Amino acid sequence: MANSHVAVAEQFDDMPQQQEASTLGMWTFLATEVLFFGGMFMAYIIYRNLYPHAFAAASGHTILLYGTINTGILLTSSLTMAMAVYAAQQSNQKWVVRYLLLTIFLGCCFLVIKGFEYHDDLKEHLWPGPNFKQGLPVQAQIFWVLYWAMTGLHALHVTVGLGLLSVLAWLARHGKFSEHYNTPVEVSGLYWHFVDIVWIFLYPLLYLINRY
Amino acid sequence: MKSHSLGPKTYVIIWSALMLLLFLTWGIAQINLGPLNVVAALTVAVTKMLLVILYFMHVRSSSRLTWLFVAAGFIWLLIMIDLTLSDYLTRGIVR
Amino acid sequence: MNTLVDSPAILDESPLKTAEPPNYLQEGGSTLKSWLLTTDHKRIGILYLYSIIFFFLIAAVAAALMRMELITPPGDMVSSEMYNRLFTIHGVLMVWFFLIPSIPATLGNFVIPMMIGARDVSFPKLNLLSWYLFIAGGLFALGAILFGGVDTGWTFYTPFSSAYSNTHVVAMATGVFIAGFGSILTGLNFIVTIHKMRCPGLTWFRLPLFIWSLYATSIILVLATPVLAITLALMALERIWGLGIFDPKLGGDPVLFQHLFWFYSHPAVYIMILPGMAVVSETITCFSRKQIFGYHFVAFASVAIAILGFVAWGHHMFVSSQSIYAGMVFSMTSFLVSVPSAVKVFNWTMTLHRGSITFHTPMLYALGFIGLFTVGGLTGLFVATLPVDVHLTDTYFVVAHFHYIMVGGMVTAFMGGLHYWWPKISGRMYPEKLGQLAALVMYIGFNLTFFPQFIMGYLGMPRRYHAYPEEFQIYHVLSSAGASILGAAYLLPFIYLLWSLKHGKKAPANPWQATGLEWQTPSPPPQHNFRNTPVVDRGPYDYSPEKSEEEVIYGQ
Amino acid sequence: MKFPLFPDQASTIAKPIDQLYFALTGLSALMVMLIFLTITFFLFKYRRGKRVNRGPAHIPQTAIEVTWIVIPLLLMMGVFAWGAHVYFQQQRPPQGAMEINVVGKQWMWKVQHPEGNREINELHVPVGRIVQLILASQDVIHSFYLPAFRTKMDVVPGRYTSEWFQATKIGSYHLFCAEFCGTKHSEMVGRVIVMDPVDYENWLSAGQPASTMAQEGERIFSELGCSGCHVGNSVVRAPPLEGLYGKPVPLQNGQIVKADEGYIRDSILLPNNQITAGYQPLMPTYQGHINEEQLLQLIAYIKSLGPRNPEVRR
């Protein structure tokens, strides 16, 4: 949404106005995203409240190890993202690129692990429908619908984020960002952190029911 | 241009806190606390979220307008959840 | 008369030697490419204008066919399959492809940046993207219609939509989903623009009420639409992969779909009325030459409507088997929303007091809006009252009620706004007498169409019925007769507005002697709206009825 | 062509609702007149070219605004309270209602009387008796709408909903499906026939059903093999059903729920959710083995089981 030129876009008076507008725009978009995911979180709350046993039983079949490692990876990628923004503000060209690439790497790790996890889930017949795993209560399927929808949509957001970050890394390599102009890095950072926050909630809600 | 007092040092401290909280929430889940398990898990999640929002997303040093926009999303989510629960939690009381 | 310190300078100063500097229609060329790749908010507004009129016409044809079918009690003209498709087409296209973008994306896009003294919206490329998303969504919807249609109604209730309908539900939902993101981005653009792009001196309480209302609308667009998107996505998941989140066989609850759907769709009703109120606040002040009565109250009423609009959705579900206590909460909040709406009507009425009133077309539409919206709002009280709604919900009473709001309110205001800003948009005046005639005919046709439906609704005529018992026939006949008058009243402006594009009188910069920055720049405006950034030193609606009278009595 | 203005008033609840409706109509008419007359007056008085005082009016603006915020607000709350009061009467069935079961399916209404009589798209009821309908849907959401009785309730798949009425006038009235349910939605209509109680008894016996609903249910009970666990000495594995209906049931998780139709329904179709305290979750689901009408018969059977032996129940 922000122009990649150092020059101020013509509708703006000056750089601060442009930067404030971009940041505010991203925050508005994130408010939208909160409600986008919020619909599913609400469904989760309602159904978990209606079917606590089925949810506990179903959650037991998620793979805690994958989930926990992935949480750690995403949290760390948030750190590297914050560092990338900081480096851009310091006009530290070299480290902007490095931190962005590191963030992309961590994002990819997350997706790869998620892929392995999905593979194992499918092998366990955890895809709701006629072939759903035997022995679980009927309503466990609701949990698994939510699991696939929520993590799937989250993974989609990670993928979009990776695309954004790749463009940024490419631009950063060409020295586009400096203390005078770093709005795209900052704004994409906000997005990346948001995706992290969604996972912060998905982790306990999907993986951590009755683990004792 | 906002001036951030935050630097790499703060970020690393926040990250360490986040990892600690991750370990904590994973650990608590292994103990049977009854209904308190959910409470603990969500408390930790909210704390983690606040750390990310306030520090990584620089909201702590942002304008009041940003605070308002951050709050709006969550307040609206709460409106949605609360009023829907007002249906589900009182269903079937009168017959 | 103007809000500018230096407005004469702006009007006179022209960097070019020619008498008429190029306007936004000429600058950048008039090729198709220059239009399809434009980032000018004014051109995007016009792209939207053409697109929504296109969808309006399709939806209107669907309505016409339905009204023809309903003249006789048996379902003899079209089959029930066809009838169900017709009202679905009518609902989906009218709601998402006409009403929601109607005023915000056309008139809003066109005038918001000018009203706040900006060169463009904050994110012009995003603005264009919104239009493309809208069109992409529209193509999916049209595709769904052409390849056999959809028969779920615009509400897509599960499990009918997710498991039982044999029609192109997913394609239609995809269309709505994509167009939804278009409107989210429009709302986002407006919010940021209004926050960050105001010209020097234009504080919040110097903003025209149009801006306040559209700001309130944008809040709803941004915070409600994503919930619709996810709801439709979950419904589609069930349809495509059998991931039945609302499937009763898995313990899912179809009523949860309704909660999610109405969490969006009730506030969306206010997306479909707040911009209408926005236009009326502009025109009623201009044509009575009066400062608005109770500026702060009208401004905050918009915000109050936007916020309270979010807590009232459950009144669509009084008989859905939701808890009766939740029903009571939602009934109470629904009554609360009616208060700020009433406040607006009272303030508009008092604005007329000691004014200097003329009856130009936009004013007639504004007065029509107040009348029809009042009836629509008051009948809203009937359906907010719990036991009365149990009887009335899903009957023609509800149909009449929301058409009074959406057609009587929003479409009337859209017509009024289109006439009001037509000189600015096209640089031409529309024929005044024809305009007044169309407005009057519209008023008569509308009431004849929809008033009988109130009576029919209380008698118990259910909505979405293709055939009906014969005792309701008299009302259906009246309604269909009114609809043909209404159709003529809507067709007439399309004809003379098109005609005026070539043959209309050239419009001056400010034909209505209106305040507001958009009138301080030539008609049509140059590409970046103003040659110099305006500076504002006073509040809006700085009209003087006494001065306007002097002009009449002592000549210009 | 007929020219009706007002629907029949054929139930006890119709009158209070119509009173509310008339009050609202009066209030609305008053408001419309007030606004229209004021606007018309201003339009004439202040139209351009007329010599009138247009100087600044010294109106106490805030006082006026507060007035027209507070007065409508109070009025609204009054209407709300009145509405809520009538709503409770409308939603709460009085004691001693006779129950009739209705199943909605695309696109017909199937009615079962407890005596075993069945009808399609018709509902015979005695005048003056309180009738409670237990509504179930075989497929999509329908809505059972009786305009002359001013009552309507959605029929939601996966659960029971209910509505009640007490007919006051003998006659035949419309029954509509009010929630769009597919192709032949507008053909999902019928009649409610309100009869004199004696005529109703005659109508019931003239129908001569082979068995009552509960007897039908008993047949299904043994056909599905329910008796294998729930009857006799096998109640160690499964909770006994005698006298269950209407009683509180302690669950494994400490909750106590009332054994109403909804609970019994869930226990048959989604048996793993609410486990009775002291039992294992052994019961398989009967989803797909039984349709809504049979389910209602089964429930009628369970309801008919009186307490067998008080000591056996825990």
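For reference, chains read A, B, C and D in written order, and residue numbers begin at 1 within each chain.
The definition used in the following text is that a contact is a pair of C-beta atoms (placed from the backbone, for glycine too) under 8 Å apart; a residue touches a chain by one contact, two chains touch by 3 or more.
Please read these numbers as outputs of a predicted model, since none were measured by experiment.
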* Asked: Which chain's centre, taken as the mean of its Cα atoms, is farthest from the centre of subunit B?
  -> D
* Structure fact -> Two candidates, C-D and A-D; the one with more touching C-beta pairs is C-D
* **Rounded Å distance between subunit A and subunit C, as computed from the means of their C-alpha atoms** => 35
* Structure fact -> dist(centroid_CA(subunit A), centroid_CA(subunit D)) in Å evaluates to 45
* Whole-Å distance, subunit A centre to subunit B centre, using C-alpha means? -> 15
* **Sequence positions of subunit B contacting 2 or more other chains** => 65, 72-73, 76, 80, 84, 88-89, 92, 94
* Asked: For subunit C, what residues touch not just one other chain but two or more?
  -> 195, 223, 227, 249, 251-253, 255-256, 259, 324
* Asked: So which bits of subunit A are touching at least two other chains?
  -> 24, 28, 31-33, 35, 38-39, 42, 46, 50-51, 54, 138-139
* To do: In the complex, go through subunit B and note every residue touching subunit C.
  => 65, 72-73, 76, 79-80, 83-84, 86-94
* To do: Can you check the complex and tell me which residues of subunit A touch subunit B?
  => 15-16, 19, 23-24, 27-28, 30-35, 38-39, 41-42, 45-46, 49-50, 64, 68, 71-72, 75-76, 78-79, 81-83, 86, 89, 179-180, 189-190, 193-194, 196-197, 200-201, 203-205, 208-212
* To do: Going by the contact rule at the top, pick out the subunit A residues touching subunit D in the complex.
  => 50-54, 137-139
* To do: Flag every residue of subunit C that touches subunit B in the complex, lowest number first.
  => 195, 219, 223, 227, 255-256, 259, 263, 310-311, 313-314, 322-326, 329-330
* subunit C residues within the subunit D interface of the complex -> 75, 80-81, 84, 151-153, 155, 157, 159-160, 163-165, 248-249, 251-255, 288, 293-294, 297, 319-321, 324, 327-328, 331-332, 335-336, 338-339, 342-343, 345-347, 349-350, 352-359, 367, 370-371, 374-375, 378-379, 381-382, 384-388, 390-391, 393-395, 455, 458-460, 462, 464-471, 473-474, 477, 545-546, 548-549, 552-553
